Structure formats: C-alpha cells, structure tokens
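Both complexes below contain chain A, partnered by chain B and then by chain C.
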Partner chain A sequence: MPIALENVTYVYAPDTPWEQEALSGVSVEVQDGDFLGIVGPTGSGKSTLIQHMNGLLLPTHGRVLVDGEEVGKDRKALRALRRKVGMVFQYPEHQLFEETVEADIAFGPKNLGLDSDEIAERVRWAVTSVGLPDDILERSPFELSGGQMRRVAIAGVLAMRGTVLILDEPTSGLDPRGRAGLVEQLKRLNRAGITMIMVSHSMEDMAQLVNRIVVLSEGKVVIDDSKRAVFSRLEDLANLSLDVPRVTNVMLEMRRAGLPVPLDVLTVNEGIEALCQVLRGSDIVEE
Partner chain B sequence: MNAAGPPLIEFREAGFTYRRGEEGEIPAVKGVSLCIERGEFVAVVGSNGSGKSTLAKMMNALLVPTEGDVVVDGMSTADEAKVWDIRRMVGMVFQNPDNQLVSTTVEEEVAFGLENLGVPTDEMHRVIDRVLGEIGLGDLRRREPHNLSGGQKQRVAIAAVLAMQPECIVMDEATSMLDPRGRLDVMETVRHLCRDRNLAVVFITHFMEEAVEADRVVVFSDGTVATDGTPRNVFGDGIDLDAVGLDVPVVTALARGLVDRGFGLDPATTRLDELVEAVCQLRSRT
Partner chain C sequence: MLRNSVTIGQYLPGESPVHRLDPRTKILGVLAYVIILFLVKDFLGYGIMAIITALTASAARIPVKMLIRGLRPVLFIIILTVALNAIMTPGEVLYRLGPLAVTREGLFQAAMMACRLLLLIVTTSMLTLTTAPIDLTDGLEYLMGPFRRIGVPAHELAMMMTIALRFIPTLLDEAERIMKAQMARGADFQSGGFVQRAKSMVPLLVPLFVSAFRRADDLALAMEARCYRGGEGRSRFKILRLGSRDVAAGVFMAAGFAVALVV
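Right, the complex of A and B next:
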C-alpha cells in the first residue's frame, strides 16, 4: 500500500493571527516494505507530515495518495485508512488505561466489532510480535517496565492489523536494554512485510533501522536519500543542528586529526574495520 | 573538592521499600552505603527499574529511607524539622520539563522559591539577574516557560534551583526527553556548575556518553551499587555492563575492538580525544 504526498502544504489556523505554514510543498513517497526515517529539528514539521499519512490531517494544498486513492475525498474511507496505517505516538504508554495488558491490546479490535475468537487471536499475535511473553497478558500494564509498557502500546496498534506502522520517537526514554529489544522487534516487523515510517531524534535508531531518510527543515524536504548518503552529508546535518550516529562522529574527529578514514561509517564494527585499515595501511606504506 | 567536614550526602545502609509491610511490597533501594562529596560530578547509571530514581529522591528527603539513614550535611532526612534546609541545599531537576514549571514567566519561575523563603524584593531581583545571566537565559526572562524548547525549560528548572544557592543539584534523567540540541545545552550548563561553581551534581542518566563526562560513575542495579569508580574504571573492564542492561560507550567499544585486533592501546579509553590521540600515535609509531 504505497503512500505518496504530492506537493503538500499545510497551514495551521489559517486566516488568523496565529496562521503558520507547517509544511510547504512537500513531496514524499513510501513504497511497500520501506523503512523510512524522518528527521529534522524541533518544529520542522515532522509530526505534521506523519499525520498526513493516515488522514489525521488533510492537506491545505496538494494531495496525499494511499494505494492510489486520494485521502479525504471520501470521509467514510478515513476510518478504514487509519486502521490500515497505524500510528504510535510519542510516549504511547501514557495512553494505556485498561486493567490488564490483554484488555488494553484488545481495545481496538473490540471496537472493530470482531468476534471474540478473532480478538483473542489478534491479541496473542500482537503480543508475540513485540517480543513479549504470553503470560504478560494477565498483568496490569502499570506494573511493567517502561520498555514493556511501550511494547504493549505498540501491540495495541498492531492488533488493528494494519500494513503500515508510523512511529513517533519509539525509543525515547528507554534504557539501553529496552531500546535494543525494541529495535530488534521493529526490524523483525519490517522484515515480516510491515512498511515502517519512523520519526526520531536518535541517529543511532536511524543507523540501525531505516533504509532511507527524509530530512525536514522549516516545513520543506531538504534531503531525501539513502541512509548512508544522508549521514555522509555531515556539514548539512550540522547546519540543521542534527546529530550523526556516535560512531560517525568519531570518524569525523579522526578525519580532523588528519587520519584518512571514511565518513560513511554507521556501526561500531564498521568503525573498527575502518580504523584497522588506517593502522594497517600505514604499516604497508612505512615498511 | 573540599574534604573538610562531613560528606555532603551520606547513605548509611539506607534502603527504601514501596508499600512496605503490605502485599506486593517492592524493595527499590537495598542497604546502600554511598557518599557524595562537595563539588563532585557523579553520574548514576542503571537500567529502568534499577532503583536509581528512588535513590535520587532519597537525597533530598522526597523519600525518607525505610531502613538505615540518609544524612545531608550532618542532618538526617528523617528529621522533619530539617526537611526544608535539606531541600534548599539539595535541589532536584526531573525528567519531564513540562511537569515542573509552575509560573507564567521565566523570571517568576526563578522567583518562586525565593518568595517562599521571604527574600526581600531588592535582593530577589539581584539573585534572579545573576542566575538567569549565568545560565544564559537573560533574553528569555519575560517569556512563558511553556513556550520554550525542552532544553530551555530544563535550564529554567536548573536556574530556579540555583537561585536557592544549593550545594548540590540532583538531575533525574533530566536529558532523556530532550532533542540533541537541548541535551548538549543542558550538559554544557552542568559542566559549568561543576567546574566554575564547585557545585556537586548527581546526574542520573542512561546515556553512557553523558556519564563518561562525570568525575565518578555509580552503576546501580537491582537496588544496590554494582560498581563505583572513575569512568575509566567502570567502562574499562570494571563490570559486565551488559549484565546490568547498559551499553559500553562507543569510544570504549571501538578501543576494545582495536585491542582485540592486536593493536596496543588502552581498552579502558572513554574519551573521544583520548581515542583520537591513541590512534594517531599508533599510526606514527609504525
């Protein structure tokens, strides 16, 4: 179910003193199976952009096509769209409210009017998909760790059986173990065929998860390229006060100290390889 | 660091159990002995649920130990008559910038604690000017706190604590909800407080890259101190960080990787400038 934003402009509070253009002529395409990352400074329009992808916001100008259909033409189709394109907001665990994990995950499917067997099956599938054990279903969501609560909240969106999942800062506030666990599950969901779109300030998340990155600044797309290509544009990213992955930053400092290391290094293992080459390479030259 | 007198904060086999004596009681902090000295920059790291936030709240009598004692500058946090002295001396900045600001302008936020202390108006204005200037918020003094960025909000919270002339600021995951820019600004402020003001800072975080900047790192796991030492000791090889749910800093991971490949450098390297220098030296030596 491809998603295409065509020349989308969105204006908050039009014709008032607070009028503000949050997106200006944005075009972005998401193909089936993509894992798209969206980055940009605070206030660059990231949240506004993702809310166009499941019809929570409709463009002021331009159009959004999901599976070839223009979003918003048929108001009744919006509900179906929001089912297919799931949205996990920032700190989704703040929205947990039921007495048990099971009831929380079942909340959405129940509202769809599904029969109880189907609901039970979806709940079990969703909880497994986020890597939680079955026996957690009986527990209260409020006695779980932060990482577990986050996963329960994501399971609730998955239980709607959408084909696209949008995540806003999914690892924010998690400790290293909780983050690593969630990153693995997100990778797995994407491999299982769910199209993923992720907004994050964490360039570590981007380095590990996405295949393509869209960089937003002041409501415009300023870069749209493969992850590796984006992270090699260090100057552009710095000008937007965006980070690069920590290991990429190490390579940049090595380069500044005169070492001929590559800059498109995204993982610790690649970093070790690159440094070994520089050190061994110099052996050969000197000997 | 001033070694004279008692430690600024001393945990004497202190513990805290939530719902103590009730069904489902949770021992969050267990028999901890720990000292924080004046002027020290201490990072406390640990996974979610390790008890580190409970530990933080025990430092200024927000929680009173259910076992043992916590003593701040000679005053027991269990002594109700001393609670306000203790809280003035040890200020707290919390995780969520939106949950701790109460006023309609930045300067009122800073004035809030001073007003409660009954500080005369003239004196109050002097303190506000000084503190806002120091934290670099002078231009924002008439702004509404809720319209500021996350990093600015946290700095307002720091300024409000600073106005009380504390000896120590405890920051409980104060950077975890901030964007990269905000995190850098808050870290810069913390460095200033430690180096230029000789304030003790207890910095609770799970960003290892922040922890390596401290003088001392306390690793907290399952309610107890798993290890306590310099960043080099702790991240070098002092403890199996993976076992307590933490990452090794990237710089240390790279150094270890190079050591494994037979290169002669210190596997306990924690700082980026040290790693760059070590690699440059290795290269020129060959």
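Right, the complex of A and C next:
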C-alpha cells in the first residue's frame, strides 16, 4: 500500500493570530516494505507530516494518495484507512485506559467488530510481538514500568494488524536495554512485511533500522535519500543540529588522525570490521 | 483544532492601550459594566453599552472575527433563552401554535435578553483577551485582599485560578492528542446515540484524568521544591500601579455608564 504526499501544505489554526504553517509543499513517497526514517529539529513538522499518512490531518493544500486513492474524499474510507495504517503517537503509554492489559490491547480489534476468538488470538500475537510475557495480560496497565507500558501501547496498535505502522519517537525516554529490545522488535516487524515509518531523534536507531531518511527543517524536506547517503552529509546535518551515529563520528575522527578508514560506517559491528581491515592492511599491527 | 474553538479564557497578546491598563481597572470596569447591563431597561441604553464595547474592542485592536468566534459555543444558550422568553411571557398574543403563544411583551423581553447576553459575553471575553492570565489573577488577588480579614483565602483562590487558566490549553492539547490516538485504534467519537457517545468518551476521559493528576503531582512537587508555602510573607515580582491611563479609562467608563443609565 504505497503512500504518497504530493506538495502538501498544512496550516494550523488558519485565520487566527495563532496561524502556523507547519508543512510547506512537502512531497514524500513510501513504498511497500520500506522502513522510512524521519528526522529534523523539534518543531520542524515531523509529527504533522506523519498524521497526514493515515488521515488524522488533511492537507490544507496538496494531496495525499494511499494506494492511488486520494485521502479525505469520503469519511468511510478514512476509517478504513486508519485500520490499515497504524499510528503509535509519542508517549503512547498516555493513551492506556482499560483495567487490564488484555482489555486495552483488545480495544482496537473490538472496534473493528471482530469475534472474540480472533480478538484473543490477536492480543496474544501482539503481546508476543512486542516481547512481553503472556502473564502480563491480567495486570493493570497502570502498575507496569514505563517501558512495559510503552510496549503495551504499541501492542494495542499492532493488534489492528495494519499493513503500515507509523511510530512517533518510539524509543524516547526508554532505558538502553528497553530501547535495544524495542529496536529489535521493530526490525522483526518490518522483516515480517509491515511497512514502517519512524520519527526519531536517535541516529543510532536510524542507523540500525531504516533504509531511507527524510530530513525536515521548518516544514520543508531538505534531504530525502538512502541512509548512507544522508549520514555522509555531515555538514548539512550539523547545520540542522542533527547528529550522526557515534560510530560514524569515531570513524571521522580516525580519518582526521590519519587512518584511511571508510566514513560510511553506521553500526558498531561494521566499524570493528572496517577498522580490522585497515589495520591488517597496514603495518601498524605488526609493530 | 480543539484549542482554537475555545476563546473563553484565551489571551491575545498585544501592546494596545487596553492591554496595558492595570488589570484591576479592567476587572472593576467589567464588573461595573455587567451591573449596569442589568439595570438598563431600554434599547437606547443597550445601544450606548454596545458603543462602549465597540470602542474598547477597537482600542484593544481585537479582530471582530475573534469576538464572533467566542460567541459560537454559547449560541445555543442564547437561542434557548430567547425562545423561552418569547413564549413564556404573558401578554398580547401575536402568534399561537398549540399551547404555545408568542406575545408582544415576550418578543420584547427576548430581544432585551439577547442584547444583554451578547454584550455580556463579548465584553467579559474581552477582559481575558486583553489581560495575561497572570495579570488577571494578580489583579483579583489585590482586589480580594481586603476580604482576607473575613476569612477569604485571597491568595489561594488567585493561585488556583492561575493554575487552572494555565492548564486549560495544555489539557485541551492533551485531549486532542489522546482522541487522535484512540481514533487511530478505531475509536469513533462522533456517531451513535447518546449512550453510545457517552461510552465512547471513556477511552478519552480516563487517560486525560490520569495525565491531569500526574501533572498536578509534578507541579506540586516543583512548587514545593522552590519553597512555595502559600501567600504569607511572599514578596511580589510585579507590583501593580495605577497610572494616568487607568484614570482616563475610568473617566471614559463612568461617563459611558452614566449616559446609558440616564437615557
């Protein structure tokens, strides 16, 4: 289910003193199976952009095409769209409300009008997909740890079984282990065929997960390219006060110090390998 | 957007002479205005009151659109009041529909009521539009000061109001965010009968209250961490002072009110 934004402009609170153009002429395309990353400084319009992808916001100008159909033409199609394109908002744990984890995850499937067997099946699948144990189902979501609440909330969206999943800063505020676990599960979901779109401040997460990155600044797309190509534009990223993964920085420093290491290194493992190769090829090791 | 449909209690930052008036002048002015509004008994009087409002609005440079937007949420109440007045007042019958009769006196009464309500809402919303919430509660605290002697907790009331005003937009934003999150899970807040709709509010209200309490906890902690312990002995960052501008505003209002009462 490809998603395409064509020249989308979005204005908050039009015709008031609080009028604010959050997106100006943005065009972005997402193909099936993609893992798209969206980065940009705070207030650059990332959250506004992703809400166009499942019809929670409709463009002021321009149009959004999902599966070739223009979004917003009729209301019924809008609800169907929201079933297919799941959306995990920032701090999704703030949307939990049921007495048990099970009931909360079942909220979405229930709204779809599924029978109870199907609902139970989906709840179990969703809870496993986010790496939580089965016995958590009986507990109250409000007595869980922050990281567990986050997973429950994501499971609640997964249980809708959409073909596209959008996540707004899913790892922010998680401890390193929670973060690593979540990254792993997101990777697996994408491999299972779900198209993923993720907003994140963490370049580490981007390096591990996405294949394409869109960089937003002041409501405009400034870079839209493959992950490696984006991370090689160090100055552009620095100008937007965005980082590159720490490994990439380490490589850069080594290059400056005179070692002929490659710069398009994104993960620690790649870094180790590249370094070993350089060292083997030179005579530093032998000394 | 939820936030933009609620004008009551909203502040429109500006540098106009009305913005720069002492909040106490504005509060007392509005108070007097409301009292006069209920004393005035004919349309000429309302006309004068409307002129006072219009002059103030233009001095404050508030767009007319904003004022009209503020009326939308209370339109229903106005219509209801007008309708009830038109049919409930005994007198010379103009039109009869079953047991209901529209009377000449009723129509007159209804028109008066409509004028009164419209002016009341527009003028009071002008107070919050031109006064920052902090100034508003500061002013109220000063004005309530003398009543402390008879046990009115002036500072606490003012602080409560400051906090409430501060959090209205925050909670509206929050409500909007939660609503969208639940809509993304297939929730439907718009269709269905009354019971259905009331039920559909649960997934919105529970998280909203949870978050309101969390915010309250955080705020209380933050205030205590900075040694807040009530109004006793607390010094002020901003001292209110009446100036020549306030005298001018006072004279203008007094003159206007006098004319409205006399004609």
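Definition applied: the second predicted complex is superposed on the first by the 282 of 287 C-alpha atoms of A that agree within 3 Å, B and C clash if a C-alpha of one lies under 4 Å from a C-alpha of the other, contacts with A are read in each partner's own complex, and residues count from 1 in each chain.
As a working rule, contacts are C-beta pairs under 8 Å (C-beta built on N, C-alpha and C of every residue); 3 or more make two chains touch, one makes a residue touch a chain.
None of these values were measured; they are calculated from a predicted model.
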Touching partner for A:Pro17 - first (chain B), second (chain C), both, neither: second
Partner chain in contact with A:Asn269 - chain B first, chain C second, else both or neither: first
Contacts of A:Met87 with chain B and chain C, given as first, second, both or neither: second
Partner chain in contact with A:Gly146 - chain B first, chain C second, else both or neither: first
Which of chain B and chain C A:Gly108 touches, first, second, both or neither: second
Touching partner for A:Pro176 - first (chain B), second (chain C), both, neither: first
Which of chain B and chain C A:Thr42 touches, first, second, both or neither: first
Residue contacts with chain A in the superposition, chain B compared against chain C: B
Partner chain in contact with A:Gly258 - chain B first, chain C second, else both or neither: first
Chain C-touching residues of chain A, taken from the complex the two chains share: 12-13, 15-18, 51, 54, 56, 79, 82-83, 86-87, 89, 92, 94-97, 107-108, 111-112, 142, 156-157, 160
Chain C residues touching chain A - in the complex, by the definition given at the top: 1, 3-4, 12, 63, 65-66, 69, 174, 177-178, 180-188, 202-203, 206-207, 210-211
Complex contacts: residues of chain A adjacent to chain B: 41-42, 145-147, 172-178, 201, 241-243, 246-247, 249-250, 253-254, 257-259, 268-269, 271-272, 275-276, 278-279, 282-283, 286
Residues of chain B touching chain A in the complex: 46-49, 95, 149-150, 173, 176-177, 179-181, 206, 208-209, 245-247, 250-251, 253-254, 257-258, 261, 263, 272-273, 275-277, 279-280, 282-283, 286
